[in-house]
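Think of it as A, B, C, D, E, F, G and H in the order they're written, each chain with its own count starting at 1.
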Amino acid sequence: MAVERVFDHLRAIATGAKYLFLKPRLTLMYPDEVEDLPRGYRGMITYNHETCISCSLCAMVCPADAIKMYLPKEVPEGEKRPKRYPGINYTRCIFCGFCVSICPTFSLQHSTIHDVSFYTFEEQIFRPEEFAKGPPKPQYDKEPVKVRVIPDEERGLRYERV
Amino acid sequence: MMDLLDLILQPWIFIPLIFPGLTTAFLVLLGIIWAERKIAAKVQMRYGPLYVLKPLGGAIQMIADLLRYLFAEPIIPKDVDKLTFIFAPLILFGLSYLPTIVLPAGPGFTAISSEMSLLILLGLLTLSPVFTMILAWGSNNKFSLIGGLREGYLVTTYEIPLFLSALSMAVLYGTLDITAMVEAQKNVWGIFLNPLAAIVFLVLILISTSKFPFEIAEAESEIVMGPFTEYSGIFYGLVMGASYLKLYVLSLLYALIFLGGWYPLPSFLQNPPFLAGIMVFVKGLVIMFIAIFMRAIYPRYRIDQAIQIGWHKLVPLAILSIFLSLLVVYLGGV
Amino acid sequence: MDLEEVVQRVKDALSDLEVEVQEKGPNVVEVKVNRENVIEAARKLKGLGFDHVKSVTAIDYPNERFEVVYHASSYSNLELARFFLVLRVDLPYDDPKTPSLLEVWPSVLYLEHEQYDLMGIDFEGHPRKERLLLPDDYEGIPPLRKEFKIKTEGINA
Amino acid sequence: MVCGLKGMMWVGNLEKAARKAAVWLVNKRPIRDIRDWGISFSLWPVHFTTACCGAEFAATSAPKYDAERFGFLPFVASRQCNLLLIEGTLTKKMAKAALWVYEQMPEPKFVIAMGACAIDGGIFWNSYNIVRPMDILPVSVFIPGCPPRPEAVAQAIIMLQKKIRKGELVKYEEMEVVK
Amino acid sequence: MSATAGWTVFLTFVVGLAIGVGLGIIGLLLGKLVSPSKELPKKRERYECANPPKGRARGWFMMQYYPYLIIFLTIEPIMIFSFLFLLGAHVHTLFVSALFAAILGVLIPPLIFGLSSARRLELWSAD
Amino acid sequence: MSVSELLGNPVALSFIAATFLTLVSAVAVIWHKSIVYAAFFLSMLGVGNAILMTLLGYPVIALFHLVVYVGAAVTFILFSVVMLREAPMVELKERYLALIALALLSILLLYVFSGYVGMTSSYYVSYKEITALLVEKYWFALIIAAIALVTTLIEAITLARKEVVS
Amino acid sequence: MIDIYLYLMVSAVLFALGTYGLMTRRNIIRMLLSAEVIFNAALLAFLALSSVSSSLAAPGGALVIIAISLSAAEVGVIVSIAILMFRKKESLDVYELSEFKG
Amino acid sequence: MSEFVETISRSEDGRFLELLIGPQHPASGHMRLVAEVDGDVVVSLRPNLGYVHRSVEKIAEVKKFLQIIPLVERPSLADTTANNLAYVLALERLLGVEPPPRAQYLRTLLAEINRIHSHFYGIGIHGVMIGSSTAFMWAFGDREPLIHLAQELTGARITYSYIIPGGVRRDMPPDFPDKVEKVLRYIERRLEDYDKLYVRNPVVRARLEGVGVLKKEDAIRLGITGPNLRASGVPYDVRKADPYCAYPDIDFNVITREEGDAMARFLVRVGEIRESMKIIRQVLKKMPDGPIFAEKYYKMLPPNLKKYYEETKEVKFPGIFANLRAPAGESVARVEGGRGEVVIYIVSKGGMNPYRFRIVTPSFRNAVLFEHLVRNVRVADIPAIYGSLDYFPPEADR
């Protein structure tokens, strides 16, 4: 019994030592390497103003009330009921992707950008005009290497440059 | 210039200031915490501190941490006992560092050559729990109080076997002088003559410096930071430093009394005498490495389990180690 | 054991009480009781093997009534475990009081407490009458009642 | 008595003068840069999980993302930490605790709001029980997402480091009146 | 070492302690002078896991392991003075061993009693 | 002794420092209003006393004092006291009487001790001497001391533990 | 070399202080602390006196060692009595010696 | 003697030290534990909930049916699929739709992947609570491959919102079974190392064995659920007792243990990880072909979206999803999640929002264990027991 316990101690220590000397690491070297997410990852949302038919389904389905229909900044002359277009509010968006899934015209799409932070509150609210300009992008000091994550039998995850 | 160098190379200056004293202690302090984090990180399949200085694996992480401690505001809470709150960490730090001065750095190279340097060292070590306790009391915090009491109870556990196992080596060599003990190991290291004492002492280093699996006094998931809960800024740096210094001292002692000190001494290290300290230092590093490696392996014991390990396992083993020493002496000694 | 059998058993057990027993859906047995004999009914049901409560829900029909719904089921009898037993108690709107079933089913301890906290139903005999989920200093209408309104926004900015 | 009072005042003046000198010194260029460098690489967030984002926060420290590479070490008590990471929703009850944590941290200290909930409530924006962190705490960096990916948290750490190194956040000024 | 070992002992001790304490004091002063300090109402309250302090913090008993303390207190002197004679082992090995064994013989039964009653948790609650 | 002489003499300096530590601690033990401090200063008193013993030529005893007395006994007191609630210290009314007694006592003692003026300690007691002495002469005393200690162990544990009515 | 008299003086002062404490305190722990001061004084005086003679130096030391050991025991017993006291009185307060006596 | 009046009576201050553990405490998570301790022994402990109470039930009353899907996921973030599935099951019962078989299998697949990483989450937190940072890091590291799989399947790391009324949102990518197999082999291999370093580590065993024993009767009486229940010897698992999705076709065991202590709870989780791997393999083998979205809704899609769906196997929502109406009535569904049984009860009055929405999460039902188990244990056992319950406060508070 007691002897067994000594062996258990030794086995634990040996396992630790094995990892100390042999086993590889699992770490993704962000920000030097950035994960290249597969298509369909629900990242920041892109919006195509041209194809939008202003059906406001996206605003209706959004669980967090993050998408709102905005009036254009200047209403074109003579239009009585100007069309509203969606703008997004990243302070609320939970990246559920419902808006993308419901948009009948594919105007909303996911990008794979996923690592953005902001310094201020206001810059996270995108009216349709800014929304159409594309998703916010993270600032890197130097261009990161894009890697693809591949499950691996030996080490769990492997990172391969694309 | 040469004079200054000569002066520095005097043992009574060299030992407290260079090795094993201030300079080395400080460097070890910076290195050991970094190493602890790196080793744990490696076992845990990650990198640990890195970006602070990427080419060197983040080796200066502790400098950044030190700077942060230094520039952080030391908060002195309202109801603490100011005197103990402020001075106990300082004295604790000083006390943990003090035992280095009786450690020899090389053959005959000692600051205080005493026939009982081992006892002096152990005696100085017994003083620090008093300060931990009074510091815990001074912090006026429930977690500190519990931590302080735990520390006190742990002292009762480790002190007797620590003395017994260290002194069983003294019995073996028939002397209490660390230098003489090292000289006696010229041929055979103490660890081979009395492996029992060596194992017990190694475990006791873990208990007395509060390393895993005996990190009980400042068990974070139970009592936040134990006695040091209220400490912020540089005070926290000091109290944490103190426990690592204690580890440093005990590791050097271990190297000296169990691992043959500076023996085997390569010829290029023989002259001047303090170069032999490198040997001791390397061996000490091994012990420190073992002690911090445990963090990656073990969770912590409960205090009652630790106490029971102390009294039911380590004390009998330590007593046995004395009989082992007596046996060796009877069979002809070293 | 199929649904009919369970319903039959429940009916038998509760025959001397004024209850309505119905089947609802594939594995739900519903029992409607009034608050006077809810403890009695619960005790009998427990005797049948429904040994724990999974959920206690209070429903607010403004100015009409409150309804307290217990969803009970069984752990000790795995055949019974397939069924939900729904125990419904109607309470008048101006007097939302019902005896606590704590002594029958200890598992309602937190569940009833929560309904007390959020819906303001008074479970008589329940030992805890302080806040559970809401902040301790919360005052006002219990938030789950219908008269407690929360903000909503339209789809337009 | 009078003498003692005078002495006290003198000591007070001395302390003020010393402090002034020290403040001047640490705001000088190289020292300031070293200081900001040290602080930026030693951000220790206090262990204070406010809501479910804590799960992804834990993943940030976990092997795959390993935030400790940035010197980011989640630590136990508010007294030893300098970063308060609001991990998601701040309920009213938790907001009180958050204030305690924030106020008990030593200067200099920073706040990051993680998750949509911590910015504007996210999916819970109309809950009756939540508080926006930016209304009660000086938030430096916001991380959108629900929950934000660990990369985004790492990005926020890097952004905060940059901001600190620019000298925008750590300010050493004259001491305020301490009773 | 003799009582007149003089400067070496004195200086080393003083230097040792002074460096330790001095380092602390320098750090303290630096921290005190240099760190920005802003008074917030709760900053100097006691830390209690982000709760308002409740009750007093000092003077609570933790009796459960007290017996070990008593055992420690009585065993430690025996152990330490055992050393003083154990160090004579090189001269009178057998006698010293016998003496040590005798002392242990005196010691062990009460020690076992002490340890066994220390393990009984119910004997050691605070009230 | 002139000042310069004094400064040149580490032993004298140590003596002064140790005396200072001892006396200040003793005063604090008696008068400090917090009992924890009093216990703490008792340990400082022990440290000062140990230094004095070293200066007298008994480093072994000093270390023994440090380890056993300060490290164990006083820590034990301190430990127990930390768990107690603070209470203000109350002095009895007879304290003037006590003060007078104190003065008389010190005068008497100083008078008695003045007979030793001019004697200096000149021995350095090595642990080997004590070892030899203990082994050869006083071993029986050691056994007796051990018995005494274990008796107190039983006594103290029986005293402190709670009676369980089973 | 320091005159023995100086040591004795220190010892005397300690002794007097301890006696004063013992006389005026009624708190059991305080009394214990005062007694410990006296104990230290006694140790110091004993060692100082035995150090003047070469034949007494070592035996004196040996005796002191035993004395110190026993003092540890005494401390243990007295503190345990304090613990017993609050147990008996069902209170954490060990300051009421008077009731303990009566 | 009157000078010594310094008796602080007990009534004023209490006999026991009141320790407030949390909300800012390394072992409290998002809650507060109020412990009364006598020295090192905990006399009583009360959890103080509500620190993460975000009023899911109230908000659900003003959200539309589809919008509630992400809402119910949020409370138990590490185990989102269970809540999602339970809600959708209840909603489908109300709406009267039946998902096609492939969708059922995909749901099962995701649920099991999620169960594994939820269990790893619990193991990691448990590890750090007794002081083993390695257990935490390993468990959280090994979550990542599984999260990666789930991400490939659904497009999000942990908040999948994958299961929608009538089916699932995407089909699995073609090389998915391969990847799953690789990850499963990796996990199998790693579990051996866990066994050596952690499970059989004597310190772990000393800390967990015999600590916080929950007896079978008590577990039943208190209505405990999930692995905590099974660790006390009750073989109750919704997947067996009331099978849903693809579970009726799948062969697996319910892991139980008799001891009921912290170690047993831990080991049940480990056992369930292995069991889940078995299930995943079976699911992948038996996965039928076919649509992943119910015919009823598929018909409502405009042709271009239909085409898109056929091509990419990615479901586009019909416009009706924005304003889904459920008929009046009520329905209740339960699902076995990682932490236990999730019960969702919907009362509808026929509008776009539920009239009353009730979600009872396993953590909330297990909260009573704090009071029950943490009694007469030592202070150091509080985190050990807490961790072994795998309690997630946001889930309990909702």
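A few points about this structure:
FYI, a residue touches a chain if its C-beta (ideal position, glycine included) is under 8 Å from a C-beta of that chain, and two chains touch if they have at least 3 such contacts.
Here the structure is a predicted model, which is why all the values come from computation and not from measurement.
Counted as hops between touching chains, the shortest connection from subunit A to subunit E is 2.
Within the contact network of the assembly, the step distance from subunit B to subunit H comes to 1. Comparing the centres of all chains, each the average of its CA atoms, the largest separation from subunit E belongs to C.
By C-beta pair count, the most extensively touching chains are F-G. Subunit B and subunit E have Cα centroids separated by 15 Å.
Between the CA-based centres of subunit E and subunit G the separation comes to 20 Å, rounded to the whole angstrom. A separation of 63 Å divides the Cα centre of subunit G from that of subunit H.
Chain centres here are Cα averages; for subunit B and subunit D they lie 33 Å apart.
Multi-chain contact residues of subunit E, defined as those touching 2 or more other chains: 1, 4, 7, 9, 11, 30, 34-37, 43, 45, 47-51, 56, 58-66, 69-78, 80-81, 84, 87, 96, 124-127.
Residue positions 12, 15-16, 19, 25-27, 60, 63-65, 94-95, 157 of subunit A are each in touch with at least two other chains.
Touching of two or more other chains is recorded for residues 134-135, 143, 148, 150, 152-153 of subunit C.
Here subunit D touches subunit E in the complex through residues 18-19, 22-23, 25-26, 48, 77-79, 97-101, 103-104, 106-108, 170-173, 175-179, going by the rule given at the top. If you check the complex, the residues on subunit E that touch subunit G are 4, 59, 61, 63, 66, 70, 73-74, 76-78, 80-81, 84, 126-127.
Residue ranges on subunit E touching subunit B, taken from their complex, read 1, 5, 7-9, 11-13, 15-21, 23-25, 27-28, 30-32, 34-37, 43-49, 57-58, 60, 62, 64-65, 68-69, 71-72, 75-76, 79-80, 83, 86-87, 89-90, 93-94, 96-97, 100, 104, 115, 119.
Interface residues of subunit B facing subunit F in the complex, by the touch rule stated above, are 81, 84, 114-116, 119-120, 122-123, 126-127, 129-130, 133-134, 136-137, 145, 148-149, 152, 155, 159, 163, 176.
Listing the residues of subunit B that touch subunit E in their complex gives 12, 15-17, 21-22, 69-79, 86, 89-91, 93-98, 100-101, 111-115, 137, 140-146, 149, 152-153, 155-157, 159-160, 163-164, 167, 170-171, 174-176, 224, 229-230, 233-235, 237-238, 303-304, 307-308, 311-312, 319, 322-323, 325-326, 329-330, 333.
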